[in-house]
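Some structures are shown below for you to check.
In the two assemblies presented below, chain A is common to both, partnered first by chain B and then by chain C.
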Partner chain A sequence: MNNTKVQKWLIDNVSFLIFLALFLVSSAIASEFASFANLNNLLMQVSVLGIVAIGQTIVMIAKGFDLSVGVVVSLAGIVTVYLQPYGLVVAIVAGILVGVVVGMINGFAITKLNINPLIATLGSMTFVGGITLGVTNQNPVSGTDMNFLMLSGNILNWVPLPFLFLMGFLFLTDRFLKNYRLGRDIFAIGGNSDAAEYSGIKTDRVRFLSYVLCSTLAAIGGILLASLLNTGSPIAGNGMELATIAAVVLGGTKLTGGAGSVWGTFWGISILNILSNLLDLTGVMSYYQTGLQGLVLILVVIITTISAKRQKNKGGMLRTFQ
Partner chain B sequence: MSSGAVEAQKVVVGKTGLRKFLEQNVILLVLFIMIVFMAAISDDFFTTDNIINLLRQISILGILTLGQTFVLSAGNFDLSVGALLSLASILVIGLQPELGVGGAIAITLVVSILVGLCNGWLVGRVKANSFIVTLGMMSLLQAAALVFTGGMTLQSQEPSFATIGGGSLGGMPYLVLYFVIAAILFQLLLNHSVFGRKVLLTGSNSVAARFAGVKVGNIVSWTFVISSLTAAFGGILISSRIMSASPTAGAGMELDVISAAVLGGTSIYGGEGRAYNPGAWRTYFGDYDELHDTDGDSVSVSDDDERIGLTVCGWDRFS
Partner chain C sequence: MKKMFSLVLVGVLLTMLISGCSSSATNQGSKNEPTEAASGQKTIGVLIAGQNAPYLASYVKGLQKEAEAQNVELVILDAEWKIDKQSFQMQNLITKKVDAIVLNAVDAKAIVPALVKAQSSNIPIIAGNVGLEEEGNKYIKAFTGADSITEGQGAAQLIKEALHGKGNIVQIIGSPGMEPTINRKKGFEEELAKIAPDIQIVASEVGGWDKAKSVTAMENLLTANPDIQGVYAHDDTMAVGAIQALKEHKKDSIKVVGIGGSAAGIDAIKVGDMYGTNLQSPVQDGVEAIKVAVKLINKENIEFFNYIEIPKITKENVANFTPEW
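Here is the complex of A and B:
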């Protein structure tokens, strides 16, 4: 491994390195950080947001946006908790269907009616959010089936099951995006939609699918969150839309589409979570926490931007399929 | 299908003036239909009070949307406007006891210019992603507003401050006049000035803009300064109108502002933008609220319907 290769590796994995640095700093500053309970909790938090962010990554690689993921998380959790009396399988399938349906509505509005993704998903965010509040009358719903809690339990007393789900989805989505025709089509559409259309890709169909995948993953995240809390809360997913977009961009996916990776998104989510965890542990007042998070977000994006620029100047290929 | 390519083709083929104008301004047509519809189903709609009230409601959001239009036209986002509006409304009242009304306004505007320069430097020079930069800035400013007041609401003790946002000229509130003047100025600046052309060129192709001699970094910085100034101005007006300030007054406003600009015909990918249309759209937005208010529906319901209206309207604009 020569010098330039080392540099390239460092630059390619800048979000991972930032995560590693934050992890070491956190262990040094807060003695409770490396404790089993805290790490377990952290893995759990990363899992739910991570699964939602995978979907967001797919949509954003295809040069889209999905602002409705937060309300899908809430509604899927509520539906699953509501339908528990009819059996867990029915409840979970219904929860996932919520995601599929919202995704189809988004996809239809964006591809067939040609509405701007930002506007269409903002519309469905408010629309679905209204349904969520209406169904629950703004109150959280408590679960009745204790077996449902197993979904968010620990495997071998150590790893939360949702984290295994996250790893599974990350692996599968990564393979799907890199090695399958449909996955490559998503990159092609994000890079240049007109060129993709002329080279025979059914762009509308692929884009439609990306929104369905995104909402479905959001619904799965919502079900896991509901299982963790044993509650379907109408505000469970609030703010997730901006958090996931931030994580996706931190992980190196371009807002203008055509480039990105789900593993980058995973590190992005980890950075955001570890930061808020550290601030919680050190007892920083919540007002200052908001400010510090903003500051770190800006610093991280400066670091990633400058390192990406270096890479470009060195004549290295910009990552497209990584 | 990409609508961009199709639209470009249409322009090349050429259309008669009126038809072209209508095609580019479907939103005005929608607005007109909405007004007729409102007037038909509600007797109170065409009263002077209602119209003026309506215009007053849309003015502050409208002014912010004008600023956002510049940022979007240059190909970026400014998510920090809502939090900056909160901070400005806090500062302009919080600083009054020490500095007087004039001093407080001056400091508020200076702070907003600094925020704009900071955003502009990071996006224009460092080339960091505007979405993340301004999202971070949003958290920072929100925290600053909360820390400054300790989460409390502030009251203004200076009666003279109320005239800025609460006064009126011959029955027309100052707020509306500010909005109209700003809309005219910004339209001239964006579509009929060298600066505006540079903004649009930067947004449509920043590499081409650089080769054509446009100082892209500076142009981007200016758009952020403009957006921040409109946010601060909005904050001052809100404070002045209600003579008090809350640290979360502008929370969530950024998405409203961006969608209003997009519905008005500004592309979020840059290079296309019009300043007068966001105003038109805003009127429609306000209409919808007003209809429900006169019908006595609850606020939360009308909030939802408003967004459905927004989606429907988006369809008209983009299909």
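Here is the complex of A and C:
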């Protein structure tokens, strides 16, 4: 009995364990890795992508996808930087609104027009991406308000503020998904949409909400990134859609929906980030880097699938013996 | 059982990492004979915007060539055109304590906060190929690359030659707002006014460094200005686009001048479609970056702007040039 509990814990936390292993290996390989400055860098490096990935996790638990997070990151950053002369509050609220609006468009297209999430968000990705490049004429906009940079500064000289935001959002989203009805509805829809519908869940409304939440978090990530770079750039969020999906999968969220956790995603992001940090420190050519990251992704998914299958078989056996 | 899984996993990761590291080490070292292990070998970190761009792929070859000649180790990190990635890579190079950094910026503005943070490390940073404008130049020690003003001037000299000092021309410009666009226009227009006052620039259109766009731009220019004798394009890609439009309209007596010396440009000169171009050699560009970086490491005095030579290519000397990108 006790043994199965341990096994279950190991499987549920496989991404954390891999992270831990990588962390130890990295400390041993690269002498600079465990230095104070590098750890501080690492905290900053996971923050923006981590916040964007929380949203992606919510959508993917509900058996969806959001390919538009990258362009939302870019556009929200641009809008916030552009509107700085009207005051930081106005600028930041407007940046967040970008996320809300794109999320509503995605949600509407997917729930009311019944467009496949992949196609709907691919559409909004190209549409918003095109607008972003158009309004900026491909040029980045520089910030004018130096107070804006404080958003990505260090607290007590060592924890980057974006990392505290990330922790806050992780905690809140985790609570929301586990303890609130709406959160549990997201799992129910992802697990079996028809069954959820029959049991009285307003599936369209919940799904709509999941896309709005996702885009809003992406926008917040975009604002923090703009603060870090003191620039709103039309290419700031390039590639984040796939990076977040990879991290979500690494974190144990099923592509088939209905299972997963935001903390898993956090460890997923941390694994990818630690890998690229270590490879940068050891001077491995970038081409091998992306190759290795792909390999790790595939390996981890294979391991989780195999171990989950075994656990299931064993669990089934136990139940019949009881 | 699961413990074994984690153990196996750690083992696999370890082997991957070690094999990854050692393979790159042999890559670097194999050409340097036994000296690779010699302590005191300096390391230069290189931040490349994206090696999928043909120019930058050849640029990296230039870097590697000169690094080998100078016996320095290179750590080349590719940002894949992601600006956040490049600023994190900058932090990682600083943590690694490289001896100098060559920065080929994805975005000249967005990298500035990372440069500010890099100040305290005292690692000399060089902007390679992409200039950083005034706000970024405060935080770096040197720029190496082509001077867009010189390139524009060279194009003006070629146009003068092609048209024998008299006629009407149009200009196809790169993406507005970018440094090469601004200065290739400025250098060209100022030089032309000086050396060939009888040549008039009758119109300009944006080609945006894009061939297809330039075909359309050239067609519109032709419709609006039938009486032209020359075309100046801010790069060879756009020049080749313009040539295509000129051929379709049977106007191939119009002389075209470009900048770059890309494979397509050199081919067009060989067959006589294009009058001439100004060569910007990516290999030379990379070689210069390492040369200056090594001088900085050795604390030698250097100029802030280190420009590469921009030779002119026309039909007479085209045989001497092999395209690098």
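We take it that the second predicted complex is superposed on the first by the 313 of 322 C-alpha atoms of A that agree within 3 Å, B and C clash if a C-alpha of one lies under 4 Å from a C-alpha of the other, contacts with A are read in each partner's own complex, and residues count from 1 in each chain.
In this section, contacts are C-beta pairs under 8 Å (C-beta built on N, C-alpha and C of every residue); 3 or more make two chains touch, one makes a residue touch a chain.
These numbers were taken from a predicted model, which means no experiment stands behind them.
Asks: Here chain A is shared; do chain B and chain C fit on it together or clash?
Replies: fit
Asks: Return first, second, both or neither, reflecting whether A:Ala109 touches chain B, chain C, both chains, or no partner chain.
Replies: So A:Ala109 only meets chain B here.
Asks: After superposition on the shared chain, which partner residues are touched by A:Asn154: those of chain B (first), chain C (second), both, or neither?
Replies: neither
Asks: Check the residue A:Ile29 against both partner chains and state whether it touches chain B (first), chain C (second), both, or neither.
Replies: A:Ile29: touches chain C, not chain B.
Asks: Which partner does A:Tyr287 reach: the first (chain B), the second (chain C), both, or neither?
Replies: A:Tyr287: touches chain B and chain C.
Asks: Name the contact category of A:Leu295: first (chain B only), second (chain C only), both, or neither.
Replies: A:Leu295: touches chain B and chain C.
Asks: Is A:Leu133 touching the first partner chain B, the second partner chain C, both, or neither of them?
Replies: first
Asks: Using centres of C-alpha atoms, tell me the angle at chain A that chain B and chain C span after the overlay, to the nearest 10°.
Replies: The three centres form an angle at chain A of 70 degrees.
Asks: Give, as a whole number of angstrom, the minimum Cα separation of chain B and chain C in the superposed three-chain arrangement.
Replies: Nearest C-alpha pair, chain B versus chain C: 5 Å apart.
Asks: Jot down the residues of chain A that show up as touching in both complexes, chain B in one and chain C in the other.
Replies: On chain A, the residues that contact chain B in one structure and chain C in the other are 287-288, 290, 292, 295-296.
Asks: Taking the touch rule as given, give the residues of chain C at its contact with chain A in the complex, in rising order.
Replies: For this pair, the touching residues of chain C are 1-3, 5-6, 9-10, 12-14, 16-18, 20-21, 23-24, 27, 43, 48, 51, 73, 75-78, 80-84, 87-89, 91-97, 106-107, 109-113, 135, 175-178.
Asks: For chain A, which residues count as touching chain C in their complex?
Replies: Contact set of chain A toward chain C: 6-7, 10-11, 14, 17-18, 21-22, 25, 29, 32, 35, 37-38, 41, 44-45, 48, 137-140, 142, 149, 225, 228-231, 233, 235-236, 238-239, 277-288, 290, 292, 295-296, 299, 303, 307, 310.
Asks: Which bits of chain B are touching chain A when the two form their complex?
Replies: Residue positions touching the partner: 1-3, 5, 79, 122, 126-129, 131-133, 135-144, 146-147, 151, 255, 258-259, 262-263, 268-269, 300, 303-304, 306-308, 310-311, 314-315, 318-319.
Asks: Which residues of chain A touch chain B in their complex?
Replies: 67, 109, 113-116, 118-120, 122-127, 129-130, 133, 193-194, 197, 203-204, 242, 245-246, 249-250, 255-256, 287-298, 301-302, 305-306, 309
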